[in-house]
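Across the two complexes that follow, chain A remains constant while its partner is chain B and subsequently chain C.
Moving on, here comes the complex of A and B:
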């Protein structure tokens, strides 16, 4: 028996188990928890009959919402192939009388569909409109999905709402650090002054971190990034990300700053290792060679008791030697 | 040098990389008398292994004896031994031994195979990550080579590369393009794959693909090259990769669902319904059981799309996904699943392997530009006229150690990737769990 025959036999076994699980999932006589457990082994529904039963379950408000959500998951391929079903799914997603469990299931399936269905593109404006509506609903879990997907699409409305939330916390749709991460998908000029204000007066440490990270291409913020990278009182992670950011706006200054931190033996060894990692990977090809610094790093591997620092010293030296 | 050995048509070390497919080799001697030698494989401990045969008509064996005419050359073939890939550059060698047992020549090489990311050595992982970051760094002349890779997979490119039969062939070319760019930086690197239907504790770790913080951006160790990763999505700020692994927990009816992080180190990607064998089975007609590509390609929805949307973050949208390096591991696995389906169902050529035979390129009556087997693919064909996108410059496909694909590859050139039907079709990559059928191979 060849490996191929074994694999074909195993595939056939999976097909049989999938059919059994699907039968159990659709069996109204079975306990809901059993049917939900079976859902994870159904795969996507393939036969016309199972697809029909799946849609019937989604449409039937008498069914447990969790079963309806699980049915949506099995209908991902069918959804992609039937434009009318996409419109129907968007309508159900918009319907605030439907249970949140079903709407979350629909949202994940639709996002998948907009990744992979040619039928879906004409429905995209309608989909984004429903997501905007959801952003303003008082359903925090559903809102999380809508915010993520709208921000990835660079949606103007959600950009405005996120900036509004950063300026006026009582209007915020999410935590400030998450808002900055979402805005960073498509960072408009009007967000930059807001980020500068957050660095100057951060609502929390995480939002300062994210604001600094995203000021990398803001030439006006380069002195701030340099100052933070060299500030021994600052959190090591924030010092490092500031140095990485500086490589975007002023690479030669960034090289000098980063070397300085590596040579600072009073600094945290993990930070020095991270800075050396950054020098190894981001030093521009035309950067001025500093033989004294390279010599210092070459000796560092044998001197330091920090494993990460020794590892990065070894890599840096090996790269410098070509 | 009295004896020289060519692998993949060259004596240069840069050509000495093989896969499970047959590689054309030759041995040459400059001495003036006939010489009989035996070729053997001597791997370092844990190194890759190769086998030998005189020609395509022979079975592969552990050694090969050849008689070299005076000043002459003898051709032969080698192939990596399935199950024994290399872990390091040049960790194996072909030694040439004469009748008296003297070693006359030694040729280091590597059995370079794509592997499950969860089973890489730490060294393999670090070399891959470092090459990725170097590709995405400002290089000589201010160019960022990765920018082209990002710009091939944009919102504008979406209709060209998704939602159509050429989805799998196009993405095979795309990840091979990336892999060859990485190999130009470090020849020992291959693209690993993420088995999204399995837990991956090694992958979802701070030393590799990172672990999300509470707010969703990734945390890495100080030594992980990805601490230097920069998003190249047009218009984006400078975000750290955002990848929040979400799990929707449905409580009893009447209670609100909750979103919690799931741990891909201990669970499969949550939105994926089709495991590996479920995916292979997608190719089967539900009634007849006959397999065909036009059914198999449903996998673009689940597991492919489902793996993408198992996370919040860049990876969950086609336009931004390349900003997360996990995207390339995901697509390597999508390609591997296709390769496994091809292996199981002889899907390397003909209408069953790809339904759109012929050419549609710029044929006015054929609306499916770029979908037919003989169509050239954007952007390598530099066709930027609508309806094709213009976000990437295109140009010749990056060269590899094998001659395929041509600089302007067609959809059809992506099918016979290990040269099962025609050795000249070998694209120069293989997977650690996808075999090849050639005579004598165990």
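Moving on, here comes the complex of A and C:
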């Protein structure tokens, strides 16, 4: 027996299992749990008959919602190949009387279709419109998918709503740190003042970190990043990410700030090591040379008891000496 | 007075519709209008879509045509393109070439379309009643009637590609065009828009402005432009509309090569709208990758960002910013004489190369240039 024969036999075995699972899935006489278990082995429906039965199950509100959602999963390929079905799927997705499980299944199938099939572009307006409806519904899983899709597309409405939620938490569509991550897909000038407010008065630590990361692209936020990087009361991780951000918005200011932290012997040694690492790799070629600082770092290797700091001092000095 | 806030904008639009006078809306379409300062690119496009769509009812004046055609030819935002398509239906004497522009818009926007509410410039959420850019384009083709006869094959193709639920509008447009009696159309709306606009601005105010070229060499604008006829285009490397800056530089490279043969004394330059971001290495890469051959005379320049407002005013650039980032701009190419006179501008549509060469060689520019 050749390897190819083995592969063909294995493929045939998979096909047989899929056919058996599909038969069980559509068998009304079987228990719902059995049918759901079979669904995971069905793959996507291939025959016209199974595709027809699949659509019938999706349309029939008498069926268990989980079975209907599983049927959608089997129709993913059929959906891409039958553009007229896309409109039906979008209408059903919009229908808030349908069970959430079915709508989540439809949303996943539609996302796949919009990614893979050019025929779907005729339905893009209808799809985006319905996603905007979903973000206002109190269904967390559906909302999450819709928010992600629209935010990635740089949708104006969702951007406005995310900013609104950061300003007014009771209007929020998601946690503040998630909102900032979503806004970061296409960060607009309108969001910058809100991010600065969050740094000044954060609803939680994660949102402050996200806000600082995203302020790096805004030159006018350099003073905010500098202040946080130099703040001895701030946690080291946040100070370091502020300094790294500053290298993006104002490199010469960033060099001065990181040098200052490295020289601050009251600061956490791991933070000083991280700052020195950043200086080693991000200092622009045209940065002003500070011989006193370089001398300080050269001596640091022998003076510090911190292994990471000594290691970084060695690396920095060897790079400076070229 | 030009509207500066969205409330003023809404009032202006309402008044224009009530009085059926579209003329006061035209200044609202200028890319440099105060209304757009600090406004994001997407919001700017929504405002343009709102103003343009209002012209369907207020009337679309001839002066609005450059903005309408610009969006149809180059636009990539569904709001602005949908609004421009609607504005076509406000024209009193539509030209026979409008169908071409609408078909270009259809190609540009078909895979980027969205649900639109063109009666507001605010970002709206779920809208049970909405239109789309494609719907507006198809409706306008039908409205053109016999003037859109050449669009019939494209509409037939579109009908075949659309799902059944969306074919009705296309079929109605096809019927309207096919059944319309042949009309004598005025020709051609775009010719006037594509032609050079005479200017009489002087470079004196910016002669001392320092600039750096793609190789990092410093030069003042006065030294660069003095003594030779120049063609200067504007662009920025972060532009995400392939129909604008990328194409502008590709075409500028072609123009530079052609001028090297027919009028070698003319220098070709491109100035970035975005000097904070566009450092020399970026300028060099952007130009070279689009076939622009740099030399002493042919350069890409970034002016000192502090002086950008003066350059913007002197050239009367059609650009707006949010912070230091460009939010919208038109296509623009200028002809500068050896004496520092900005003599002509080609704007909004991609320039006709023959017209630019004729302007340069026939207008005395080339003959006056030193070799």
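The working rule: the second predicted complex is superposed on the first by the 231 of 322 C-alpha atoms of A that agree within 3 Å, B and C clash if a C-alpha of one lies under 4 Å from a C-alpha of the other, contacts with A are read in each partner's own complex, and residues count from 1 in each chain.
As a working rule, a residue touches a chain if its C-beta (ideal position, glycine included) is under 8 Å from a C-beta of that chain, and two chains touch if they have at least 3 such contacts.
Small disclaimer: the values here were computed from a predicted structure and weren't measured.
By the document's definition of touching, of the two partners only chain B reaches A:148; chain C does not.
In the superposition on chain A, contact of A:281 is made with chain B only, not with chain C.
In the superposition on chain A, A:84 contacts chain C only, with no contact to chain B. Of the two partner chains placed by the overlay, only chain C lies in contact with A:136; chain B stays clear of it.
Counting the residues of chain A touched by each of chain B and chain C gives the higher count for B. Contacts of A:219 after superposition: chain C is touched, whereas chain B is not reached. Once the two complexes are overlaid on the shared chain, A:270 sits against chain B while remaining clear of chain C. Touch criterion not met for A:252: it reaches neither chain B nor chain C.
In the superposition on chain A, A:124 makes contact with chain C only, while chain B stays out of contact range.
Where the contact sets of chain A with chain B and with chain C meet, they give residues 118, 121, 154. By the touch criterion given at the top, residues 3-4, 7-8, 10-11, 14-15, 18, 40, 42-44, 46-47, 64-66, 69, 73-74, 76-77, 80, 99-101, 104-105, 108, 111-113, 115-118, 120-121, 139, 141, 144-145, 148-149, 152-154, 175, 177-178, 181, 183-187, 191, 206, 210, 213-217, 240-241, 244-245, 248, 251, 270-271, 273-274, 277-278, 281-282, 284-285, 308, 311-312, 315 of chain A touch chain B in their complex. Residues of chain C touching chain A in their complex: 38, 40, 42-43, 46, 78, 110-116, 123-127, 130, 132, 134, 161-166, 276, 322-325.
Residues 130, 133-134, 137-140, 159, 162-164, 167, 213, 215-217, 221-225, 227-228, 230-231, 233, 235-240, 242, 248, 250, 253, 256-259, 271, 273-275, 277-278, 280-282, 284, 286, 298, 300-302, 304-306, 308-309, 312-314, 316-320, 340, 343-344, 435 of chain B are the ones touching chain A in the complex. Those residues of chain A lying in contact with chain C across their complex are 83-84, 86-87, 118-119, 121-126, 128-130, 132-133, 135-136, 154, 156-157, 159-161, 188-190, 218-220.
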